[in-house]
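Across the two complexes that follow, chain A remains constant while its partner is chain B and subsequently chain C.
Our next item is the complex of A and B:
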């Protein structure tokens, strides 16, 4: 529409100027391409979100002979709180352990050289490639040698940390590799101790990596079912475990859907919270921030 | 403020020798520049002074304190890096106050010091901005303010201007010198840019292959280079390899202390030279002649110690001067002429007469026309460019 005025004045004589008509279709084909791209993105979004929308819709329905919508979520509030609390507790403790393990480990791996460094990093990321069932069985076997781990939540927390800390370690390693060492040198030359440098310079600057790691771990741990099934101590039922139990016993009921929706909302809230807390420059300009 | 002393400081990286037994004494308040091509060990030396690199051997002293193995934070230094390295998540004021803040200074004290420092680098009122809102030159000035805020004993600069564009480099290099004068800080500055080194230094250390080639003032380094490397690295120079053929007594008036005169034979030319080097007849030397020290003479050139004839091959008009390429005895020499002479000379078969005073010479084994005098400390051989005279041992 503004093709000809937008073009810079051509220094060429009129005869050799490419005709304006040759340009117009090119521009409009680009617009077409843009429109198609946008349509594609939205289509993908709808396809991915549709099942979730179905779930939400189902959670608001009632079955004959049962009470109304409010009751579905009332049921969640009444009986699900305990399971959610366990899930949050387990997730929180797992994140704490992952943080305490991953931050120093990532720093050592990136900033120092020692024999067997590459091997160590490979071994550390191994749990990512091991199927949950295998981890579950191995842990059940291992925990049999102890008493405490099979009867307290720590067995579960340890299992979660074991399976997920590579998810924390990897983004932190990447963030540290991208952080020029010059900031640390500048800090050291200004008189900062190693700890001051780490806390005031390194940690804020690798924040996005840390937040990505924490987020991944949280989502995985909060929704983890398989390993939990193997190692959860008697009397401790996490939220996903409860959802599965519910499906097994009550079938696909609206109350079950309400449970699932609640879990989903908590995960979403966690995403937004982590980005707010630790910064997410990589998400600036998207729908999230 | 303090003196800095390096005692045969050495750094090996694996089997590579980055710095070899480097000795240097920097006086209190002095501005010393380490100048050399990339990879000559100047930055490594600076980083050893800062404590960012631990030396393989030798000692670093600040005044009477042996700081060789102290971490950087315990040395009270100010290090200005090649890039400003401002902490991107902190404001300008927080950057400048960082050094004081990690030492636990009170907020009010930090704030007033930050104000003072920003005023010093002409950035009053920029404290609330983030580094990304500043231009490259402003960022480097904040970096200066940041290191000065902690009142360091020694200022260390690692090519602080190399990332900036030319005009900014010009103004900032004088700003650095001015700040250094005003604060009286002992400073060590690393650069590969000789005009930078000449503009701001009290003394210059020319380095090559991890070794010191020469330490001296600008004039000493430019006019009396002691090695072939220095002669060729600093400015333009015509190299004339030759052999000493005769020694002359120094005539009282013009001889500088410790210098003596002699004649060398270089190809078909016999040239009058002067040097502080002890030379004997038969020694292989390389004589150096600056393009601006050659004059085109119309008469017999009796006022010059040396007169040669040559053919003008090329005239390159460069504005204030013209660069001539003149073939003298089979060797092309560069001659820079100014004034009206630069307009009257033309290319062609014209023969001209060139006059010049005594040449400065260096021993042939220090010359490295190909720039490859790393580490090995060649044993009295050729000038390296293959055109040297036969050597007599």
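Our next item is the complex of A and C:
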């Protein structure tokens, strides 16, 4: 794990603290305060993951007459396998569309000058602030009566893309703004075409920003159930929607918990992989500190 | 980082203007780059929103009937009358979740920004709520189930577990877990911009910790705190799974779920779109205020 480079300046150098604390009472109360602070952070974090831990525990329970834990997770792969595959497929297609839509738009927003830029950026990021149920009802009605997309997988993919492309746009815009323009100018001076400059210079340098966008979009789309509930075509049930339907129709079952745990573990793996590859700082200014 | 870019800007000899064949080609290229995003937003957000606004002024499912739409304001009258409790309970839940987040989020953000050095594990655990309210509500429901893990704790506190499961506090609790990261993010960003030496200076000048907090930290982070509260509120009014899985009949009336019931299940398009429009209106007002308060300086 890499530590973040932008740590706030500590009031005291770390090394000088223990001896000083031993001597002066003022500092020992500070130490108590510190301990309480850290305890608070961890207490809140435990509450955070309590629902997840409960689901893990639940997924490990068995009903009378069933063989055990392996069955629950086996059941997930067996019965819910289709749903998992649909979720992965929808997420993949959505990420593709988001990339194709957001990269050019972010480049134009940062590097070109045109009137009404601020307004355009607001207009493009607005989908983030529209409640899911409103996106859902408006899309299901237009799909029904105007676009005739209700039976197509693409209706769902486009709905997901609409809801999440701002999540991709924002980190790419941030990354581009942090990238001095001289690299592109140098490349242009050396005779590269625009496309070459973009592919060889800009894209690798904003790579972490793009990946941050992809990560955010993936964990949202992969776990999205609300808009999906409205616009999913008949016969296509993604895994989170399956969880929702199972709870609504079959009550709480360990197998459903196992599916929910599987989904969260896949999402967590994506996050940890990102932290490992790029470091958490590239998510700055997006959703996580 | 931005400062760096800015300091370079004056040295730049307007390269594209020298090379360019004129503004027209450049404009065209800008438009071409922006077109996919604009199209996606127009076709799949703005047009459908206009569509439901139109539909909300028509009766039932008459908007698409062969006889032509029947114009009416009855849907909005219903929301102001029979469905007013639905709107009020939605606002109440959102407000309570915001308050809980504010109370627990401010100390969390402060400690995280000023004291915590092990940030990666904290960040990794903080992403759990982002995976969705559904899993949180599911997990909470299992915890609170009679005979579930929380039963001994609740018994010790003298609460019947049936009261705990389908109740307002459990809904608010689940909602505030879901939105907690947004609050911490907003306050944390604001705190990160406050120089810690200001607090040290206040302490050196004899201010007590509470005075430092009230006179220095709180005023300097007010914009972030307000923006965080508004963001959380905006996210909370669309709450769907939490009231449904954890709430009593009262909380289950939350608007988002009613929109689904009326619109998709009972095909009363007029009423459900009117509710959607009301929800949208609240979300827009809140977003507008929050963007005004937050820095909003991403694009200049």
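We adopt the following convention: the second predicted complex is superposed on the first by the 220 of 289 C-alpha atoms of A that agree within 3 Å, B and C clash if a C-alpha of one lies under 4 Å from a C-alpha of the other, contacts with A are read in each partner's own complex, and residues count from 1 in each chain.
As a working rule, a residue touches a chain if its C-beta (ideal position, glycine included) is under 8 Å from a C-beta of that chain, and two chains touch if they have at least 3 such contacts.
Model, not experiment: these values are computed from the prediction.
Colleague: Which of the two partners, first being chain B and second being chain C, lies in contact with A:183: first, second, both, or neither?
Modeller: first
Colleague: Quick one: is A:51 in contact with chain B, with chain C, with both, or with neither? Answer first, second, both or neither.
Modeller: A:51 sits against chain C, while chain B stays out of touch.
Colleague: Touch test for A:78: chain B only (first), chain C only (second), both, or neither?
Modeller: Touch status of A:78: no partner.
Colleague: Could you look at A:205 and tell me whether it touches chain B, chain C, both or neither (first, second, both, neither)?
Modeller: Only chain B is touched by A:205; chain C is not.
Colleague: If we overlay the two complexes on their shared chain A, which of chain B and chain C does A:252 touch? Say first, second, both or neither.
Modeller: second
Colleague: Comparing chain C with chain B, which touches more residues belonging to chain A?
Modeller: It is C that touches the greater number of chain A residues.
Colleague: So, does A:123 touch the first partner chain B, the second partner chain C, both, or neither?
Modeller: second
Colleague: With the two structures laid over each other on chain A, which partner does A:230 touch: chain B (first), chain C (second), both, or neither?
Modeller: It touches chain C, and chain B stays clear.
Colleague: For A:191, is the partner it touches chain B (first), chain C (second), both, or none of the two (neither)?
Modeller: So A:191 only meets chain B here.
Colleague: Does any part of chain A touch chain B in one structure and chain C in the other, and if so which residues?
Modeller: On chain A, the overlap between the chain B and chain C contacts is residues 180, 182, 185, 188.
Colleague: How about chain C: which of its residues touch chain A in the complex?
Modeller: On the chain C side, the touching residues are 1-2, 4-5, 8, 12, 15, 19, 26-27, 29-30, 32-34, 36-38, 40-41, 44-45, 47-49, 51-52, 55, 64, 104, 107-108, 111-117, 119-132, 134-143, 145, 148-149, 174, 177, 180-182, 184-185, 188-189, 192, 196-197, 200, 234, 237-238, 240-241, 245, 255-257, 259-260, 263-264, 269, 272-273, 276, 279-280, 283-284, 286-287, 291, 298-300.
Colleague: Which stretch or stretches of chain A touch chain C in the complex?
Modeller: The touching residues are 1-4, 7-9, 11, 34, 37-38, 40-41, 44-45, 47-55, 57-58, 97, 100-102, 104-105, 107-110, 112, 114, 117-118, 120-124, 126-127, 129-142, 145-146, 158-159, 161-162, 165, 169-170, 173-174, 177-178, 180-182, 185, 188, 219-220, 223-226, 229-230, 240, 243-244, 247, 252, 256-257, 260, 263-264, 267-268, 271-272, 275, 280, 283, 285, 287-289.
Colleague: In the complex formed with chain B, which residues of chain A make contact?
Modeller: Going by the criterion above, the answer is residues 180, 182-183, 185-193, 196, 200-201, 204-205.
Colleague: Which positions of chain B touch chain A when the two form their complex?
Modeller: 50-52, 71-73, 76-79, 81, 83, 85, 87-89, 98-99, 102-103, 146-147, 150
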